[in-house]
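One structure is given here, and the rest of the page talks about it.
First chain written, first letter: the chains are A, B and C, and each begins at residue 1.
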Amino acid sequence: MSAPSLSTSPTTAAPVAAPHRRAALYVAEHQFRSMLNYKWTVVMVGVGTPLFYLLGIGLGLATLLDADLASGPGGPVPYVVFVAPALLASATVSVATEEFTYTVMSGFKWRRVFWGINATPVEPGSIVSGLVIAVAARMAFGSLLYLALMLAFGAVGDLWTVWLLPLVGVLGGLAFGLPLLAYASTLKDDNGQFAAVQRFVFTPLFLFSGTFYPLETLPSALHWIGWISPLWHASELGRVLSYGAVKPAWVTAVHVLVLLAFAIGGWLIARRTFTRRLR
Amino acid sequence: MSAPSDTAPLVPERRRGLAALLPASVRALYAGNARMFVVRGFLSAKTNNWIVVLSGFFEPVFFLIAMGIGLGTYIGDVELANGQTVPYAAFIAPALLAVSAMNGAVYDSTWNVFFKMHFGKLYDAVLSTSMGPLDVALGEISYALLRGLVYATGFLTVMQLMGLNQSWTAILSLPAVLLVAFGFASVGMAITSYMKTFQQMDWINFVMLPMFLFSATFFPLDVYPEAIQRLIQALPLWHAVELVRGLTLGQFGPQLLVHVGYFVAMIAVGITFTTRRLRALFLD
Amino acid sequence: MVHAQSLTKKYGDFTAVDGIDFEVAPGESFGLLGPNGAGKSTTMRMVGAVSSRTGGDLSVLGLDPDTHGPQIRAQLGVVPQEDNLDAELKVRDNLIVYGRYFGLSRAVCAARADELLDFAQLTEKAQAKVDDLSGGMKRRLTIARALINTPRVLMLDEPTTGLDPQARHVLWDRLFRLKEQGTTLVVTTHYMDEAEQLCDRLVVVDHGRIMAEGSPAALIREHSSREVVELRFGSTRNAAVAAELEGVGDRIEVLPDRILIYTPSGEDALEHVSRAGLHPTTSLVRRASLEDVFLRLTGRSLIE
């Protein structure tokens, strides 16, 4: 065969300028293509999870409750209104437990795609950013579906601010997920660490950080679980936006700051761990 | 196994004798040596993922504390179909026991088997020895059941300490849990043998979630319209929950036999399909 | 194109690359020949600007990898020792996605992908899954992928390790074409036949050090006689027989399984052996190879 265009004459100039400023987007594009392989899972989990939880917990379990758990500015709110923002946040967090663990192990070890990218002008930090963009997009998609179902169930109080809920969902997911990403990128092998994270970190946080009932219900010795839990901060923030849960402005500010701190801190550490691993 | 000697048979006599009783169609799949696989499971757990093994005990306990006690403060007592009222924790504890039996059995017989089948290449190596595919299948299931039994004993102890067992029949929930797990594992394995991709495996989780939420686990069935109740009563988890709940709450009665029968049928169907499928995959 | 001086890489106390000097000229096909653990991959990673050196000087395409990593990588094509194709993407998509990382537009990537699939003889497999390719096809796809950015230097880390003989020949043929077109190649290998086939010039490395440098022919000329006689007397007798062969040929090597006699003329040496009344179970006369050079330089064989 003849392929003159393949000749790589040593005198020709470099074909591209580098580093490329859109590198992270290329990584994200690659991730999206991979996600297309399991697009039906994403859609199915995206629709099914909220539907089942809202039905089962928001409506079914609510029939057993004797007392009101929470109230907004206009008095007590139905249980489903109270629980929905927390369920939304736990859905994005659960996306994080998958995408920032097994996907990362796969990139370094099983499929080794990160090493392939590493040989191109793309820097490790851009690989992290690309991953974050792709996963955040999946979280946003899931959150929007959740919000749509919440509206269908009438599980929102304040139609003006509830639109920000997906943003809180993504922020909560990243606040939980980015430190996890940093941790996952240091692992050479999965000997059950991810399953342990799932069961010893995610599950307890899901259960004990004010998802199903206010944190104050727990003995005060356990409140710290909520304070350190991105899930609790995201749920509380979501409740403010969804039905105007009454609380001082500074508390809301603290929720935002804690979530940002987790997310940004995790991101910075992940950039370092990726760079250390790949260079 | 006895100490190796020059004349030691490849398959120990006693179990070979048992295997010889089986019909020829099964003998080709089964060398009567499933036990080796259980041994392998324990060795692997010891070296690799003991923390995962351990976590299987904690998960239902976390749920019991968070939902049973935490949320229970807003619920108080639950009235059962027969008019008896029980604290919320006592209501969900047996359900959580059944759910964890289901989860463990399904995980072990689906994801775990699928991964080993398609990626670990473990079975190829094992099947090139005198072990047959059915040894592997029964071995995997037995290992899962043993693990499940340990968890169940732990959980039942927790229930006892929390005063949630209302009758001596609670102890019978141990064999009940084994039966339930066997049912889920045998069907799970049969289904897995048809699966080809990870994406298909995701559907298994997807079926488990609604079952988990709706099978009278967290609230009684009577909140649903009649038709939905019938639908749920056709699902295995509902039978498992009712069986275990009947035992821990001491509602001993003929209805429990229906649940037992359901699982016996499930095991029969599951094993039949698994055997048939293993033949197709490994021998034809 | 590449210029290395006292190039060193340490991992903690362990020195993987121990002060090596070499130079790669434009259009040249340059090889690093050495056994496993010699430091070949480590050197390749430093040249590929994905691993920083601990000492010495290194310039790639006139740039310092420490400060201009992305600019260097933009102009290199890298075929790593272990394939890292994306098994979740189809064959053609692997090329396109990779091209995007160089900032190439989708249209350019697509056009180039088709060209390269043709070059790699994978056009029929364009829509196949990576996992369905044979080892040789995967390797050719990795090479095609490395060419997507029209690199100025193509770096191949053990391109044919683990492939069957036929797949190796197909691959060598492709690399030969690139060479003919003037592509600068940097190849590592622990196969002497590969080094002889592909490299204009090579360095023999062992324990992170360069043992010798030159063209394959020059190295053989310099470090070995022209022909080699291989004799086998059975593993228990080899050592004893070797003593009796003293003086035959230029030099004798006793390996566990055979005796090697280095000599200008194998036929003459063989005659010597039979006149001495020794009857090997097998005997073979062959031309000296890089394997012999390595043996001479290190006292060990390349593939242990």
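Everything that follows uses one rule, which is that a residue touches a chain if its C-beta (ideal position, glycine included) is under 8 Å from a C-beta of that chain, and two chains touch if they have at least 3 such contacts.
All values reported here derive from a predicted model rather than from experimental measurement.
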{"item": "Relative to subunit B, chain with the most remote C-alpha centre", "value": "C"}
{"item": "Chain nearest the global centroid, as defined over all protein CA atoms shown", "value": "A"}
{"item": "Chain centre separation (subunit A, subunit B; CA means) in Å", "value": "31"}
{"item": "Distance between chain centroids, defined by C-alpha means - subunit A, subunit C (Å)", "value": "45"}
{"item": "Separation of mean Cα positions, subunit C and subunit B [Å, integer]", "value": "54"}
{"item": "Shared-contact residues (touching 2 or more other chains) in subunit A", "value": "37"}
{"item": "Sites on subunit A touched by subunit C in the complex", "value": "1, 3-12, 14-20, 22-23, 26-27, 29-30, 33-34, 37, 111-113, 115-123, 278-279"}
{"item": "In the complex with subunit A, residue positions of subunit B that touch it", "value": "48-52, 55-56, 58-59, 62-63, 65-67, 70-71, 73-76, 78, 88, 198-199, 202-203, 206, 209-210, 213-214, 218-219, 223-224"}
{"item": "Residues on subunit C engaged by subunit A in the complex (per definition of touch)", "value": "1, 26-27, 48, 50-52, 69-71, 73-76, 78, 80, 82-89, 93, 97-98, 100-104, 115-116, 118-119, 145, 147, 149-152, 154, 177-178, 181-184"}
{"item": "Subunit B-facing residues of subunit A, complex", "value": "37-38, 40-41, 44-45, 48-49, 52-53, 55-57, 60-61, 63-67, 69, 191-193, 195-196, 199-200, 203-204, 207-208, 212-213, 217-218"}
